[in-house]
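Presented sequentially are two complexes of subunit A, the first with subunit B as partner and the second with subunit C.
Presenting the complex of A and B:
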């Protein structure tokens, strides 16, 4: 037992926090701040068309280029963020709260609450998620069309899995015995449940679940809008004058096909002309759409990594 | 004692009480019931400074429940129907069960809040399973710091104090930076003991500290607990199945008989014999 005692109390009561954890937190927070700011700055309508700038490249219309009507893609980015920001955060919060309740119920050992949560989980878990989403989308009155009802439905349907995981985490903690030991140490009920159980021990599970649901709701909107655009149907997640992040993806996807076909038949220089530099080239739209998707995925991943257990 | 009493307790004094051994805890004629059965009845426990009081009995006889009653931590409805609880050295002649007897859960919750300042300071607890006492997401050092902060005059050199406590329970200083999951069963039990003695309480309640340990470790941990209690002048209330241990170390023995019900750690009936 010949140990070198740690020199300072701080080093023996706390592990050196991983710089990676802090790094992920900074990345996640920065992307989330950008997400919120983007949504906040969203204009009500897209600017007028400018035929001279159709499919303008990013170096011609900074920073994302323009669409087939010569409109900058910046308002698309802003409006797309305004569609998904509120509903996706709300869905994340709903799942986080329900998971926390499930975890706390396991610790509190409250029979009726456990039963109620079990019944909810069984019913919600048994419903086919996409079918329910489409039903909700179609029954919402036209003037109320938005992503909110779909996001809430998605959160409720996704909650059982998250609640199971939180309850399992609380169970591994010792459940009621853990709470009992803390009560015997003289901690108040609020401190035990909110700080010791939720903040110290369930936080990583809750944050991971919330980040996943946030990401899923964003992708749900993009998928539904993409389908609506592709089939030239009315959007199920937004009013008609608002553009989704599916727009650039839809625009760019066709250019990717052209690029691929030209690459196969006429070679690389012709493909670059067709997809990237030519007057009809619109791969910049595809890169923008994929970039937005990647930014959301990185944000969710950053929060998951920042909140993981040490 | 009530007529439907099916449990009772016998007290055996093995060593004489000295004048300087102050009465720290006085639980008298405790009776706890659920709507369908009596969990404990007629249990009286006195713990004095510098002495070890052992509570023995079969599984389900109410040992842990009585220990929890000693800390005023109960979640049983209607709960305490008879008995008194006093902490003479801390609150004089005040009967903490006054207004709680037969008053149900709400009164017990009120009692829990009213006695919160005593738990973790005047009386500390080492639970059956060491893993229940340790927060898996925080280092042992962090948890010791929280326990030490319960002391009335704040400790100046926290790091030194943590190392001293760890040394006292036979753990190397580096374990302060360990998470509970990184400790072996024996180390975790020592860690739980370290947390229990960290606030320098007058009274320590140890609920079957040998549970889950192999026979060799069981003896080591129990010996350690006794030695630490003596060194730190902590009165020990030891709940145990192990008669050999009790015979060896206890100054006073409270024996709970005739189990008629089993209950979980919160005192809620599970049904069947334990």
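Presenting the complex of A and C:
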């Protein structure tokens, strides 16, 4: 019996989808590589203050401007990346592994493992994540303060949703019947579970969930650091000497309020003076912080799109 | 897997959580270097005071000192060398690093016993809502239950406001399958608008002496305009699919940014929250919102205050409901569930029999909806920490954050236990409703045998 050849339109659609997928993958990988490189280049300490460059604009101190002590924002970007990259990648990998285990357990038809995973999911999924994060932060001794324990806790709490999705994807595939059918074709167990189930069918779920968690952990660090800076308290995710991406955001946010208030009371030119060009203006810091957040969101979205189901 | 396994696991988890959460915290606190007594009352502090704390918080089991003495270790309340005590015949204080293996094992065993004793006593007191005093940092002198009860209404109001967009999103998505959709949506959004108006009315009534009503009217009109616009869009059927991109894009924004946006808007346009007021802790005014100005004037100036910010609560709540994909996932999740269910063959047969889609699909979808809703409420509970901190709302999240920074163990235990109770309650509700739905779906139809079609056919 001969197979029906694919129609011209379906071939075109497939090719277009494939090039989009590659495009997203390139964008995601390029951003990821840039962040890893940034983290690798991070200095141990910030440079000394230079009062002459107080709130210098990007056109005065290239490329991001300077903070209230006249220090360039470049070390902030580098140190911020060094805080988040390791823990966020680790969290993504943990979620990926746990999701793969849940999917494979469904395919292997191991009843007790499925039930054990469900009990874990119910308990971990029933806890409010931020509350657990704060409890973990409380438990970690001051000298060990880092994003790693928080990221691991976040990954474990986020895993139930990802595991459910992976198990459901494996279930849709046919579960144990799918594996049986492939074994009947003579494929080895390793090939079936690693290639057919995980790589060909669970890949999209695993990649999407890992990218999601990676982004969430970066946002978590920014949120926790921002809150600590905002309330002028100790940071929960880093040592005091290291600056987070939340720093520029916090610097710029006050300027945004000043900009808004001036715009309402004195008009646009005074607002531009107060927020962008004036000596005390620091909206450039806000734009830098938001740009970094957007870059992380784009990276995660690019990986999600690249791993989209066929 | 049998249908009752999942609900049973949920029931067990719901019962276990309120014990498990304090147990894990206690266990970890006891495994950290040093003892809780020495953290609260460090070396240099009077030993009598430490003994008082140990007794008040049940930090030591009755057998602990005996066990320690059997291997020549000083009582737990001794955290430094005390020559007077040694002269009285008490064993010498030995730092952990100088202990022999036997002493270390005995000390560890006695610490485990202490942890269990503390946990049992703490749980027994917690059931009666007695958490003792803060003892550490900012909360040293305050009764923890007063702190928690003052914070709870703020957090509940915040979550309540956040549920408005989430529920609205779910109902909009489901509305495609609801008969007389347009009428229903109009009623729904009119109801929401009414709810918001009533809430503002209550605030204005409680604080009539503040120069707020014109502002309230202004803000209400703004909210009403947005809500009505949303209602018209949804009733016209424009919201469901075409705005998915916008909805997803909005959902990517983290709670911290939306909360900051709300903070900026309140600062720029209103100079903060002009309706904000303070409630003293420990008064009779359990629900701070209804606190009267007369009682406020009679309060002692040394009392600690809890700030209630109605506008920050409402706008912060809506930001919380929209941020981190809460509303977008509610809309998309509900729609996806319905879309996959209505493709089932039984729905097609039901439609051919003249029955409604909703009536047939809903019982089968309810467990999934309830599960989704639990996840969303938990997500909101988690997000309250961020919104409360940014908008400076004195809620449970703010309390937990400050006690984390203060390392105030007893406050953290109480706040975490409160959150675990909320989680357990949600799990319990999900399990019970799943059981109810399962029993309803599995109930055999009672058809009288005389009327059974097969019997009639055989008889013919």
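Criterion: the second predicted complex is superposed on the first by the 293 of 310 C-alpha atoms of A that agree within 3 Å, B and C clash if a C-alpha of one lies under 4 Å from a C-alpha of the other, contacts with A are read in each partner's own complex, and residues count from 1 in each chain.
Everything that follows uses one rule, which is that a contact is a pair of C-beta atoms (placed from the backbone, for glycine too) under 8 Å apart; a residue touches a chain by one contact, two chains touch by 3 or more.
Keep in mind that this is a model prediction, so the values were computed, not measured.
> Classify the contacts of A:29 with the two partner chains as first (subunit B alone), second (subunit C alone), both, or neither.
Touch partners of A:29: none, neither subunit B nor subunit C.
> Once the shared chain is lined up, is A:201 touching subunit B (first), subunit C (second), both, or neither of them?
first
> With the two complexes superposed on chain A, say which partner A:97 touches: subunit B (first), subunit C (second), both, or neither.
A:97 sits against neither subunit B nor subunit C.
> Is A:226 touching anything from subunit B or subunit C once the two structures are fitted on A? First, second, both or neither.
second
> Of the partners subunit B and subunit C, which touch A:53 in the superposed model: first, second, both, neither?
In the superposed model, A:53 contacts neither subunit B nor subunit C.
> Touching A:174, do we find subunit B (first), subunit C (second), both, or neither?
A:174 sits against subunit B, while subunit C stays out of touch.
> A:131 contacts which: subunit B (first), subunit C (second), both, neither?
Once the two structures are laid over each other on A, A:131 reaches subunit C alone.
> Identify the partner contact of A:185: answer first if only subunit B is touched, second if only subunit C is, both if each is, neither if none is.
The first partner, subunit B, only.
> Share the list of subunit A residues that count as touching for subunit B in one structure and for subunit C in the other.
Shared contact residues on subunit A (touching subunit B in one complex, subunit C in the other): none at all.
> Which residues, counting only subunit A, touch subunit C once they are in their complex?
The touching residues are 111, 114-115, 118-119, 122-123, 125-131, 134-135, 137-139, 141, 161, 219, 222-223, 226-227, 230-231, 233-234, 236, 253, 256-257, 260-261, 264, 293, 297, 301.
> Which subunit C residues qualify as touching subunit A in the complex?
Counting only subunit C, the residues touching subunit A are 1, 5-6, 9-10, 12-14, 16-17, 20-21, 25, 28-29, 32-33, 252, 254-257, 260, 264, 267-269, 375, 378, 381-386, 389-390, 397, 400-401, 403-405, 407, 409, 412, 415-416, 419-420, 422-424, 426-427.
> Of all residues in subunit B, which touch subunit A in the complex?
By the definition above, subunit B touches subunit A via 68, 71, 73, 112-113, 116-121, 124-125, 127-129, 131-133, 135-139, 141-142, 144-145, 147, 150, 157-160, 162-163, 172-174, 176-177, 179, 195, 205, 264-266, 268.
> Using the touch definition up top, name the residues of subunit A that touch subunit B in the complex.
1, 3-15, 109, 172-174, 176-178, 180-181, 183-188, 196, 200-201, 309-310
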